[in-house]
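Worksheet: one structure, shown below.
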Amino acid sequence: MDPENMQLITRMLEQDSELREKIKDQVTEFDKKTRTMSGLLNKIHSTPSAELPPLLDSVRPILESCGETTAAIAALVPPNQFWRWKEMWSNSLRSAVFAATLMEYLQKGTLMTLGQVSDVLGIKPEWSDRFVLTVEDYLHGLITLVNELSRLAVNSVTLGNFEEPLRISVFVKDLFAGFAMLNLKNDTLRRRYDSLKYDIKKIEEVVYDVSLRKLAPSVRDKKDAS
Amino acid sequence: MDPENMQLITRMLEQDSELREKIKDQVTEFDKKTRTMSGLLNKIHSTPSAELPPLLDSVRPILESCGETTAAIAALVPPNQFWRWKEMWSNSLRSAVFAATLMEYLQKGTLMTLGQVSDVLGIKPEWSDRFVLTVEDYLHGLITLVNELSRLAVNSVTLGNFEEPLRISVFVKDLFAGFAMLNLKNDTLRRRYDSLKYDIKKIEEVVYDVSLRKLAPSVRDKKDAS
Amino acid sequence: MDPENMQLITRMLEQDSELREKIKDQVTEFDKKTRTMSGLLNKIHSTPSAELPPLLDSVRPILESCGETTAAIAALVPPNQFWRWKEMWSNSLRSAVFAATLMEYLQKGTLMTLGQVSDVLGIKPEWSDRFVLTVEDYLHGLITLVNELSRLAVNSVTLGNFEEPLRISVFVKDLFAGFAMLNLKNDTLRRRYDSLKYDIKKIEEVVYDVSLRKLAPSVRDKKDAS
Amino acid sequence: MDPENMQLITRMLEQDSELREKIKDQVTEFDKKTRTMSGLLNKIHSTPSAELPPLLDSVRPILESCGETTAAIAALVPPNQFWRWKEMWSNSLRSAVFAATLMEYLQKGTLMTLGQVSDVLGIKPEWSDRFVLTVEDYLHGLITLVNELSRLAVNSVTLGNFEEPLRISVFVKDLFAGFAMLNLKNDTLRRRYDSLKYDIKKIEEVVYDVSLRKLAPSVRDKKDAS
Amino acid sequence: MDPENMQLITRMLEQDSELREKIKDQVTEFDKKTRTMSGLLNKIHSTPSAELPPLLDSVRPILESCGETTAAIAALVPPNQFWRWKEMWSNSLRSAVFAATLMEYLQKGTLMTLGQVSDVLGIKPEWSDRFVLTVEDYLHGLITLVNELSRLAVNSVTLGNFEEPLRISVFVKDLFAGFAMLNLKNDTLRRRYDSLKYDIKKIEEVVYDVSLRKLAPSVRDKKDAS
Amino acid sequence: MDPENMQLITRMLEQDSELREKIKDQVTEFDKKTRTMSGLLNKIHSTPSAELPPLLDSVRPILESCGETTAAIAALVPPNQFWRWKEMWSNSLRSAVFAATLMEYLQKGTLMTLGQVSDVLGIKPEWSDRFVLTVEDYLHGLITLVNELSRLAVNSVTLGNFEEPLRISVFVKDLFAGFAMLNLKNDTLRRRYDSLKYDIKKIEEVVYDVSLRKLAPSVRDKKDAS
Amino acid sequence: MSVTETKSLSSRDAIVSMFETFRLELDEHNDRRERLIKSSRDVTNLSKKNDHAKTLKAASLAKERLQDIQKLFAGFKGELVRDNFWRYQRNVSPGLQEYIEALSFTHYLETGKLITYTEVQQSLCDNEAIPFFPLSLEDYLLGLSDLTGELMRYAISAISQRGGRSKASEVCSFVRNCKADFESMTPYFRELRKKQNVTSQSLEKIEDAAYALAVRSSEYDLPPEILDDLVQRAIIN
Amino acid sequence: MSVTETKSLSSRDAIVSMFETFRLELDEHNDRRERLIKSSRDVTNLSKKNDHAKTLKAASLAKERLQDIQKLFAGFKGELVRDNFWRYQRNVSPGLQEYIEALSFTHYLETGKLITYTEVQQSLCDNEAIPFFPLSLEDYLLGLSDLTGELMRYAISAISQRGGRSKASEVCSFVRNCKADFESMTPYFRELRKKQNVTSQSLEKIEDAAYALAVRSSEYDLPPEILDDLVQRAIIN
C-alpha cells in the first residue's frame, strides 16, 4: 500500500483514541462539580426558606466554574464533531442543567430558558460545531427538576412551610403543560416525561392535605368531641 | 413554559425528522447508482481482457455522476452534523469506493488512495463538516475489492487468461500487508479484515494450479501413458 | 363490554379459528407431497443423466396431484382474503415451485415462467382473490432451485458428466441477471438473493476445475464455435 | 501437552476444587445463621419498642456464634488468597453486618463502626491476608440496614410509636451524608446507593404524615427546643 | 437404515405427537375453566364483603368441575410419564390452586393444605405416576394468592372496609414466615418468593394509612383488648 | 401455616435436593467416561486405517464400563420419575451413543440400532420407568456421528486414503434418507437435522475432489464394475 | 401475470424480459407500502396529539382531529382495494390501532362506554356506508387494550381536579371490566397477551390512585364533593 | 481500619469522619484499578502487534517486544502486593491472556511445543526469580486457548508459502492435541468451555486447509517440496 496513504490512515485512527482519553478526563472533572452541587442542593429539604440564600450562595461559584469545563471540552472537540462525542458528557450536562434551573426556581420562582442555561454554563454560540446544549439535554434536566420539587413539596410541609407546595404546584403544572405540547419521539425522554404525572399527583396530595387541614372538620375531631 | 422557548424546542425537533426524510431520498438515489455499477461490473467475470475497456467505459459516467449525489447530500447536512447522519449513506458510499477502486485496478493495476477516491466521487475538501470519506468507509470498500478479485482470479483462468491470477496475487498481498500494519479496533472492520485470508488462500490455490499445470507431470499423465 | 358486541366478537373468533384448522389440514397434505417430491428429487445427485427420465416420471404424478390441494385451499379461503391466510401455505407452495422448475430444467434446460408453474399446480385464474402464485413465492422457489443446482454441478462431475456444470453455469447466470434487475428491499428475499452469490461462486469453481483440466469444451471454445 | 505440565495442572485443579467444596460447606453454615437472624429480626416490625429487648436477646447468641464460622473459613483460606475466595461468602457477611448494625441501632440508636462489626463477628486482625471485613461489604450491610429502617418507619407508626420515624429520619440522613461523600463507580454498590433515595423519600413521607397531624413533636419544635 | 429400527423410531415419534395433541385439548379445557374462575374472582375487588357469598357460590361449581379435567388428563398420561408431560398443564393447575385457596381464605380466613387442594381438584392418590399436585405447583399458586391479596387490601379500603387490610396482613405474614423456612433452590419459585416482599410492604403501608388516620381499631388496641 | 402441611412440604423439597446431588455425582462420572472416549476417538483423524483396530480396542473397555454408571443412575431414580430427571444425563448419554455408533461404523461400516446401543450401554428393559434410551437421545447421537464423519472424510484424504470419503458418503446418505422420513417436531432436533445438509454437501465436495482428479475408482467405475 | 406462456424460457433475453415485469410489480408494491407506512405514521401523530385531550371540553375539540384522521383513512381506500388490506395489514396496523385508541378514548369520555366493533367499522366508512377496508378483530382489540393505558394517565391526572375521586373510581371499574372481557380473547392473539400485562399494571395504578383519594378523604367528615370545593378554595386564596 | 473503636457513632460528624477514611480507601482502590486496566490495555496492544509476526524471522524480532511487555508486568509488582493480584484479576486478565497467547505463539514457532505453566510463570519473574504476581491457571489456559486461533491464521497464511503443506499438517496435529488436552479441563472453567468451541472451529479450518493442499498435490507425481519449488519458479517468471 502507498506509504503516505498508509500513514494517514494510521494517524487518524490513533488520534481518535487519544482524544477520547482527553475528553474523558474533562468529563470526570465535570462530574465532580455536578456531584458536589447535588450534594449541597440536597440540603434544601431540611433548610427553612429563610436560610436558603446562604446555601445557594455556596453553590453558585461551583455552577459558575462549570464554564471552565465546558470551555475545556469545546477546545478538545475537533470542528464539526460535536455529534460524534456528545454522549460522553450528556449525563454531566443534564445534572448541571438541573442544578442551574433548581437554583433559579428557589431564588425567583421562574423557569430558566435553554438560552439562559447555556449562558450560565458558559457555553458560547461560536462553539456550535463543538459544544452545544441540545434540546434533549435541557429537557432531561427539567424532568430531574420536577422529580426534586415533588420531594420538596413534602419536606417543606414538615419544615412548617405550608405555602411552598402551592407555589410548586403552580410551577410544575405550567411546566407539564409545556411538555404535553411536544411530540416526543425520543424513547428515554418520553418514558421519563410519562413518569412526571406521579410527581404531580404527589404534589397535589400535599396540596389537598394542607388545604383541608385548615378548612375541614376531621373525623377524629368528632370522635374526640363525642 | 415561556412560549418562545417552547416554539424553539418544537421547531428543532421537527426539523430533524424532515431532514431525515430528505437525506433518505438522496441515499435511495445513491443506492440505485451503486447497484447499477455493481450489475455492470459483475460482467468482468465473463469478459475477456480485450473486451474490458468498453465495459469500463460504460460504468465511468455513472461513477462520475455520483458527484451529484454527494453534493446533494452535502447540501442537506447542516454544518457540523456530519457524524450525526453519516450512518445513513455509509453502505452506499462503501459500494462506490469498491466500484472506483475496482475500475482503477482493472485499468492500471494500481490502488487508488483515499484522496483519489474522494476526488472521483466529487467530495469537496470544503465539506469537511458535512460530507467526508472516512478511513473506515474507504477500508470497507477495499475489503469488498479483495473479495471480488479472488473471484476474478478463478474466472480469468476459465476465460483462458493465466496471467491475471498472478497479477491479482501480487496486488492483493501488497494490500493485505498494508492492512496488517493497522491496529484495527472497529469490530466489523476487524472481522471483515480477518476473513481476507480466505480470499488470499483461494488466489494462491489458483496460482498453484496454474503454475504446476504448466510445469509438473500429473499422475494422470502417467496413468494415461501406462 | 356490550353483550351484543361481545357475541359478535366471539362468533368471529370462532369462525376464524375453525377456518384456520381446516386450512392447516390441507397445508399438512400439501407439505407431505412436497416432502415426498424433495425426497425423490434428492436422488438426482447420484443419478447419471441417462437414468434421469424414469426418476422424473416418478415425481410427475405427485406434482400434478398438487392441483387437488390448491383447489381445496382455494375453496376454503373466503373471497378477498387471499393475503390474510397465504402465510400458512407459502412454504409449501415455494417447495412446489422448486420441484416444478427443477424438473423442467432437468428435462429441457429451460426456465418455467410464473404462469407455467401456476398452470402445473392447477391454480385457476378465477381464484385471483383466494389463491394466487405471487411473484415473491415464485422467486423464492427459483432461489431454492439455484441452491440445488450448485450442488448438482459438484455431483455431476463426480458422476463423470463434465458438461453439466457449464450448462448450469450459463442457466444460473442468466437467472441471476434477472434477479439483479429487481429492487429488493431488506427482507428474506433480499437475504436469500445475497446468498446466491455463494452458489454462483461454487459453480464458477467447478467450471474452473473442469476447464483447467480440459475435461469439457471450454467457455472460449464454445464461444469460438458459435 | 508435556506430561509433567499436565500433572501439575491436574494437581492444582484438584486442590482448588477441594478447597472450594470445604469453603462452600462453611458458607452454607454461615448462611443458615444469617437466615435465622433475619427471620427473628423480621419481627421488629410487629413488636412494640417495650418488647424489643428480649427479641434482641434471642438474636445475640447467634450473632456471636458467627465468630466460629469466620474462624473456620479463615483457617481454610491459604495465605494471601483472601481476594481469590471472598466472593463465596460476601453475601453472608453482608447479611451479618446488617444484623449487627440493626441490633446496635435498635439498642442505642447509634452506628457501629467497621471495626466494631469486625470485632462482633470475631474477625481477627492477624487474618488480614485470609479473612477481612472490607469497606464494600460493610457498606452493603449498611444499605440493607437503611432499606429495613424505611420499612420500620412505616410499621412503628402502625404500632403507635410516632417518634421512631423522626429518629430514623435523622439517623438515615446522617448516614446518607456519609455515602454522598464517596466516589462510587458504576457498580452494584452505586446502584444500591442510588436506591437509597427511595428509602429516604419514604421516610420523609412518614415524617410528613406524622408532623402534619402533629402526632409527634415536629422537627421545628425540636430544633427550637434544643 | 435398518427398516425395523426405522419403523420403531417412526412409531414412537408418532405416538408422542398424537398424545401431545390429545393432552393439549384437555389443557385448553382446563384453561378455559381457570380463566372463567379468574374472571369471576376478579370481581372481589369491587364487591363489598356482604355480597361476597353469592359471588363465591357462582365460582364453586366451576372449581368442582375441574375434577373432570384432571381425570381426563390422568387417563391420557401413560404410566410413569407424569414428569414428561406435566409442563403442559402446570400453568392451568397453578391457577386452579390459586382459585381454590383464594376462595377458602375469603370464606374462612384460613389456608388450604396441599392435600386439601388436591382433594378439591379431584386428584386421586392412585394416579401417582400420571397426575399429581407437586409442591412447586402448590407454592406457585400460593404466591399468586399473596399477589392478589395485596391488591385486595388496597381495594377494600377504597370500598370503605378498613378492617380487611389487617386480616390480610396477619394471614400473609404467617404464610410468609412459612416460606422463609424453606430452602428454595428452584429459580423461578425463588424469584417469585423474593417478590413477595413487595406485596408485604404494600400491605403494611395500607395498614399504616388506616392506623395513622385511626380508621380502624389499631393493632395496639386489638392487642390491648385481647 | 399448618405445621403438618409445612413439614410435608419441607421434607419433599429436601428429598429432591438430596437426590439431585446424588444423580449429579453419577453424571459427573458418566461425563468423565464419555469425555475420555471422545478424546481417544479424536485420534481417528490422524490415524491411518491400518492402525485403527488397536485404537478402537483401547476405547472398548471404557464403553463397556458405562453400564456401571447407567445402573447406578437407574438405582437412584425413584419409580416413575425417569422423565423428571433425564435432562441431567441426556448430554452424557448422547455422547455415549455417538461413541458406540462411531466405533461400530469404523469396524463394520454399519449402523447400530437403538436396541443395540441400549444393550451396549447396559440399559435393562426392566428399568423402563427409571432409565431408558429415548428416540430423541439416540437421534442426537447419530447427528453427532454424521458431523464427525464429514470431518473424517476430509482428514482421510489428507492421510492419503482416497476411498474412505466414498464409503462415508454412501453411509451418511443412507442415514439421511432415514431422517428425511421422520416428521420431526422437536425443535433442537429439527435444527440439528437441518444442519446435516452442510455435512452432506461437504462430503460430496470431498468425493468430487477425489473423482475430479481420478484419485480413487469413481462412482461410475464402481457402478460399472458391479 | 395471468397470460399462460406455452414455452419455458431458454435465453437470457427472455428471462430478463420476464423479470422486467416482476420489477414493475415489486416496485409498485414497495411504493404502495411506503406510502401506507407514511400515512400510518401521520395517523399515529394525529392520534397521539389527541391523547392529550384529557378533559371533556378538549375531547369535543378533538372530534375535528378524528375527522382529519378519518379523511386520511378514506385515502387508503384506493390503495387497499380488494384484499390488499390484508396484504398491508402490518404496515397499516400501527396507525390504525392508535386511531382506535384515540377514538375509543373520546367515545368513553362522551358516553362512558366501550366503543363497539361495529361503531369503529362505521367510523371507517364513506358516506354510503361502504367500508374503506375491513376492520380486523386484532386491530380493534389491540387498540382498545392501549386505551386502558390512556385511561390510567387520565385517572391519575384527574385526581388533581375537582370530582377526581368519583372519576378515578369510575375509570377503575371500567378498566377492571375491560381487563376481564379481554381475558377470554387472549388465547387468540399473542400480542394481546403481552398487552394484557400492561393493562393489569395500569389497573393497579388506577386502584392505587383511587385508594390514595379514598384514604385521604376518609379522614374528614364531609362528602367528597365538598372536600373538593374546599381544596379549590384554598388554592385560589 | 483495624483500630477498634469502643463506641458506636452517634453524630453526623463522627459518621462523616469515618466515611472520610472510606473515601480515601475507595479512591485509592479505584485509581489503582484504573492504572491496571490501562496497563493491561497497553499489554494487549503490544501483544496484538506480535500476532502479525507470522514468520520465524519476524518471531525472533518479536522477542524484544515480549520483553517490553514483561517490563510492563514488572511494573504491576508494586500494585499487586500480597494478594492484590486476586483482587484485580479481572482487570489484569485481558492483557495477561493476550500476553500468554503471544508468548506461547513465539514459543511454538521456536520449539514446536506448548509452553508450560512453569515457563510462563518464569517469564513473569524478576532477576531473582521472584514472581511479579501468581499466575492463575485460568489465565494460563485461556491464553493457550486463544493460541489455537492464532495458529489457524498462521497455518492458512502459510499455505501460500514454501513448505506450507508440511507446516499446515504440523500445526494441524498440534492444535488437535491442544483441543484434546484442554477437553479434560473444561469442567473447571466456564470460559474455557466457550473457547473450546472456537478451538474446534479453528481446527476444522486448519484441517480444510491441509486437505486442500493434499488434494491438489496428489494430482502430481512429484514430492511436495519440489512442487513448491515449481510454483515459486512460475511466480518469479
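We just call them A, B, C, D, E, F, G and H in the order they show up, numbering each chain from 1.
One rule holds for everything that comes next: contacts are C-beta pairs under 8 Å (C-beta built on N, C-alpha and C of every residue); 3 or more make two chains touch, one makes a residue touch a chain.
Please read these numbers as outputs of a predicted model, since none were measured by experiment.
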Steps needed, at minimum, to go from chain C to chain F via contacts: 1
Of F-H and D-H, pair with higher C-beta contact tally: D-H
Interface numbering overlap (same over half, different under half) for chain E and chain F: same
Centre distance in Å when chain A and chain H are each reduced to the mean of their C-alpha atoms: 46
Centroid distance [mean C-alpha coordinates] between chain E and chain D, Å: 35
Chain A-chain C separation of Cα centroids, rounded to whole Å: 61
Rounded Å distance, chain B centre to chain C centre (Cα mean): 33
Contacts with 2+ other chains: residues of chain D: 181, 183
Multi-partner residues of chain H (at least 2 other chains): 184, 218-219
Residue ranges of chain C touching chain F (in the complex, touch as defined): 35, 38-39, 42, 45-46, 48, 151, 154-155, 157-160, 206, 209-210, 213, 215
Touching residues on chain F, where the partner in the complex is chain C: 173, 177, 180-181, 201, 204-205, 207-208, 211-212, 218-220
Partner chain F, residues of chain H touching it in the complex: 169, 172-173, 176, 179-180, 183-184, 187, 204, 207-208, 210-211, 214-215, 218-219
Residues on chain A engaged by chain B in the complex (per definition of touch): 1-2, 4-6, 8-10, 12-14, 17, 79-84, 111, 113-115, 128-130, 135, 138-139, 174-175, 177-179, 181-185
Interfacial residue positions of chain G with respect to chain A in the complex: 45, 48-49, 52, 153, 156-157, 159-160, 209, 212, 216, 218-222, 226-227, 230-231, 233-235
